[in-house]
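Just so it is clear, A, B and C label the chains in written order, and each chain counts residues from 1 on its own.
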C-alpha cells in the first residue's frame, strides 16, 4: 500500500516537469472540472451572499408584525406570504439563513477543529494522553444528545452561539476517531521517521503528511455534520430550546409551521425554508464529495 | 436487488397492515384526548397538575360541585345531599347521602369525610390542599403544628392534638366544619378536584409519610361515575363505568383518557381514533374549518382563566404606576384577541373571570379598559420622566435607555406568539423589549421564587370564588407563589381581608368592585386576554358539555348515537 | 479475545464515573428543581421546602452525587420524583418500546442502506447514483418532526390507513397475535421516519468506503485480472468496506436510543427518548441519571460487540 507518500511525490514530479503546481492548485483544478461540486459551490456562494445582504434584499423589517396580515398567502407586498403572526416570510428567510448557515458552518468548523486537534494529539503522542482523550470520546459518545443539549440550553440560554458550542462540543468525536486512527497507523511508517530525521516538527508532519490521508472521511463527516447541525437547531426549536425569539432560523420557521393546518393550507410557511435546508445540505454534500475527490491523493494519482 | 426486495416486502407489509385497519370494534368506548399525560398522582392531597385532576374528577366525588349554568353562585349536591351555613357564618354543616358505596363496595360515611380533611391538615402528608382550604378551619393550624413536631420527632412533652377541632362528625352522615372567623369562600373550597373525598378504609392503613410512594396512589378507589381500570404511563388511562354510582349511571361503558400530540390531535379526531379533543389552541379560521368541514362539532366556552403580563414591582422603572399604565395603553390587546385569537376570547379589565358577579362589566363604566392609545402611553411615560432625548427611537431617563426583557415559558403556542407582538408594541411606544423563552422550571426561579425579571408572560386558571388573596395580598409577596408581581399595598390587604369575612353577598360584591377598581388603576400586572376553551367532538357523541371548574360535570349523560 | 473484552470493561469504569459526574453536574446546575414547576395557590414555600428535604435535594452537590453513587453500587437507581415510582421500574417499562422501534428501524435501514450504498458505489456517477444521492440528502435534510407530520397527513388523515399516535389502540387490551399486529400497525410510521434518516447516512458511508476500497491497487489488479463482479463484491470489496460500516452502525445504535426523541414526540411513542426529555423538563434528577446510566451501558456493550465484529470480518485484527 503506497498511500500517504503521494503528496511529496507529486510535488517532486511536478517540479521535474517544470510546471510548478502546488497540491492546492491541482486540487482546485480538479474541483473546477467537477460539475456537481461547482454547482454546489456556486449555489452556496450565492446563498451566503444573499443572506449576508439580507438588510439590503429584505423587503420588510425582520421582526415587523402586521397584525392584520397573519397567515396571508404571497402577494406583491409579501412575496412569500406571511407567517402565523404576520411577519414577512421572505425577509425572515434571508435573516434566518444567517443563523442556519452560520450555525451549520460554525458548528462543523468547531467540531472538525476539536476533532482533528485532539485526534492528532492522541494518535501522535499516544500513551496516557491518548488514553485520556479516548476515554473522553467514549464519554461523549455515551451522552444522550438531546438531553445534554436541552440541559445545556437551559443552563446557558438558547443563543445562536451557545447552540454552536453545544453542537460542536457534542459531535467532534467522529472526526477525532478517524484522525487518531490514521495518525496512529502512519506514525511508525518509514516516511514519518524520515521526516522526523529531516528535522520536521510533529506539527508539520501531521499537517502535511498525515492529515491529507484522512481528508476523505473528514469531509464526509463534516458535510453530514453540517446537515445535522442545521437540523439539530431545527429540532431544538421544535422543542422550544432553539435560538432566542424573535430571531428567525430556517429550523424554527419550519417547526413553527408544523401543525396539520399549516401543512395543508400555508405551504409558503414551510416549503421555502424546507427547500433551502434541503438545497443547502445537498450543495454542501456535492461540494464535499468534490473536495474529497480533489484532495484525495489516491484519486490524484489515479488520474495522472 | 436486495434493497429492492426489502422495499417491496415492506410496501406489502404496509398495505396489509393498512387494509387490516378496518376499525377494531371497541363497542361502547369514549376516547378523550388531551395533550399531556397524568403523572399518576391520583390523590387530592398530593396531585399537582390538572391532568391528574381530570382523573380525580372521573373517579372521585366531592361533597358539592358548582352549578356553572347559574349566574348566581350556587351548588349541586354530590356526596352531600344538603348543607347549611350557621347564622354567624362560623359553621358549615353537610348532610351526606346514605346510599353511596366506594368502588370496592364499602359504604361511604362521615368518617371518610373527617379522615380526608384531617389528613389534609397533617404535616406528614404535606398536602397541597392545606394552605388553600384548611387554614381558616378552627384547630387546623394547631394540628398541623403538632404533626410537624411528630414528624420531626420533637413531639415529646407536647399535649397531643388528636384531630382538627373544627372538623366534627355529628353522626354517621353529618359533618360540621367550624371556622375561627366568618369565611365567605368556605363552600366553594369544597367544590373542586382538590376537595374530593378519599376512602378512609384504604388510606388509614398506610402511614402518612408513605402516601406519596404507596402503590395506592396510582390506583384510585373512589365514589365517582367511573372506576379506574388501568394506567399506562404517558399513553392512556382506562376506566369503566361505576354501575353503583350514586347519581345517574353513565351511559357510556368505557372511558379512555388518551395522551395525544397537540399538532396531530385534529387528525386523530378526523380519522376516528378519538371522540373528544380537549384544549384546542389553534383557533385559526382554516383550522377550525377542518373540523366543521369533516362534520365534527366544535364546542366553545369562555375560560375560567387568563393570560397576563407579570410586572416586577420591585424594579425601579416598573414600580412607577404611570409606566405600568403607559404599558397598558401601548399594547393593543383587542387587536391581539381579534387577530391572534381570531376573536375566540376577550380582553379583560380586571384579574377575574369576566362572567363573575364580582367583575364590573364594561357597560357599568367603572373600570378603565385601557384601549390602545399610543399618545396617552407616550404622555404617561413623559410624565414619569421617560422621553426620547437622543433620537434613537427609545425613551430614556438620566442617560439610561428604557430596556426591558420579557420572559415567557414555552408550551402555550398562542402565548409564545403573543410575545413578539407585545415586544413590537412596546418598541413602538419607545420601550426596547427583548425576549427570552425558557421551560417553566427555568422560569420559576427567576419569576416565581425569585425576582430576577422585569416582565413575564404567564397564565392563570382561577377558582370560581373571586377571592384574590393569593395573588395580591402582601403576605403572599415572598412566598414563592402567585403574588409574582410582589404587590404590597396596605389598603388592598384590608380590602381582601374584608372580602373574605363578609358573608352578605351584596356587600361582598361591593368590596370586590372596590378591589377591582383599585387593581385596575394600580395595574400590579397587566391582564392580557382570556382565550376561550374549545373542544371538538365527533358528531356521534350526544349531550356533550364541559365545565370550567368541573370538566366532567355531565359525563354520565354523554352517549353515542349514529 | 476474552481478555480484551475484560480489559475494555475495566477501562469503562472511569468512563462511567466521568459520564455520570458530568451529567449529574449539568442537570443539577439547571435552574429550578422538581417542585418549582408546580404552581398552585395552595402550594406554600414551606411545602416545597419539605419536599426538597424529603428527597435530599437540599444537600450539597457532592454529597448528593456520593449518595447516588452509593445507591447505584447497590443496584438501586433511585426514585423518580415525577412518577413516584422506582427509576428501574420506569425504565423497564419504556426501554423495550424504544428497543423495538429502534431495532426495527435499524434492521430496515441496514438492509436498505448498505446494499444500496454498495450498488451506487459500483455505478459511480451514473443516473442511479445521482438519484440515490438526492434521495439520501432528502433523507438527511428533512427534520424528523416534519417528515412525521407529512406521513400523518398522508397515511393517518387522508388515507386513514394507519393509526396516528400511541403504541396500541388504547383500551383494546389485545393479546397475542392481535397485540403484535396492533403494535406493528402503530410502528409503521415512526419506524419509517427513523429509518429514512439512517438509510441515508448508512448509504453515504457505505458508498464512500466502497469507493475507497475500489481505488485500492489490489482491487484494480483483481478487476484487470477478470475476477467476476459478484465475487469481487462479496470477497474483496464488502469485506474491506465492512469495517467502517460496522463503526457507523455501532455509532448509530446509542443515538437511536436517545435521539428518537423527536419521532417519539410526534407519534406519542412511549419510549426512552421522550421519557428522558420529560425527566429533564421535570428536573427528575434520579430518572435522568438512571436513563443516562442505562444508555451508557448499552453504548459500551455495542462498542464491544462492534470490536468483536471487526475481528470476525477481518482476521488480521488481533486484540492484545
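Everything that follows uses one rule, which is that a contact is a pair of C-beta atoms (placed from the backbone, for glycine too) under 8 Å apart; a residue touches a chain by one contact, two chains touch by 3 or more.
The structure presented is a predicted model; accordingly, all values stated were derived computationally and were not measured.
A.B. asks: Looking across all chain pairs, point out the one with the most C-beta pairs in contact.
C.D. replies: Answer by contact count: the chains B-C.
A.B. asks: What is the identifier of the chain with the smallest separation between its Cα mean and the overall Cα mean?
C.D. replies: C
A.B. asks: How big is the gap, in whole Å, between where the Cα atoms of subunit A centre and where those of subunit C centre?
C.D. replies: Chain centres of subunit A and subunit C, defined by C-alpha means, are spaced 23 Å apart.
A.B. asks: Quick check: how many Å separate the C-alpha centres of subunit B and subunit C?
C.D. replies: Averaging C-alpha atoms per chain gives centres 37 Å apart.
A.B. asks: Where the centres are mean C-alpha positions, what is the separation of subunit A from subunit B, in Å?
C.D. replies: 46
A.B. asks: Quick check: what residues of subunit A touch more than one other chain, meaning two or more?
C.D. replies: 154, 258-260, 264 - these are the residues of subunit A that touch more than one other chain.
A.B. asks: Which positions in subunit B touch two or more other chains at once?
C.D. replies: 263-264, 267, 439, 441-442, in rising order.
A.B. asks: Give me the residue numbers in subunit C that touch at least two other chains, ranges are fine.
C.D. replies: Touching at least two other chains: 30-31, 149, 152-153, 157, 265, 281.
A.B. asks: If you look only at subunit A, which of its residues touch subunit B in the complex?
C.D. replies: These residues of subunit A touch subunit B: 63-65, 67-68, 70-71, 84-87, 154, 157-158, 240-241, 244-246, 258-261, 264-265.
A.B. asks: Which of the residues in subunit A end up touching subunit C in this complex?
C.D. replies: Listed in rising order, the residues of subunit A that touch subunit C are 1-2, 135-136, 138-139, 141-148, 150-152, 154-155, 174, 177, 216-217, 220, 224, 227-228, 230-231, 234-235, 238-239, 251, 254-255, 258-260, 263-264, 270, 274, 277-278, 280-282, 285, 292, 298-299, 302.
A.B. asks: Contact residues on subunit B for subunit A in the complex?
C.D. replies: 262-264, 266-267, 282, 284, 286-287, 290, 332, 335-336, 339-340, 410-411, 416-417, 419-421, 423-424, 434-439, 441-442
A.B. asks: Please name which positions on subunit C make contact with subunit A in the complex.
C.D. replies: Touch residues, subunit C against subunit A: 11-12, 14-15, 18-19, 22-23, 26-27, 29-31, 133-134, 137-138, 140-146, 149-150, 152-153, 157, 201, 204-205, 208, 212, 215-217, 244, 247, 251, 254-255, 257-259, 261-262, 265, 273, 276-277, 279-281, 288, 291-292, 295-296, 299-300, 303.
A.B. asks: Write out the stretch or stretches of subunit C touching subunit B in their complex.
C.D. replies: Spelled out, the residues of subunit C in touch with subunit B are 30-33, 36-45, 47-48, 50-51, 54, 79, 82-85, 90, 93, 108, 111-112, 115-116, 119, 149, 152-153, 155-157, 159-172, 174, 181-182, 184-185, 188, 265-268, 270, 274-275, 278, 281-283.
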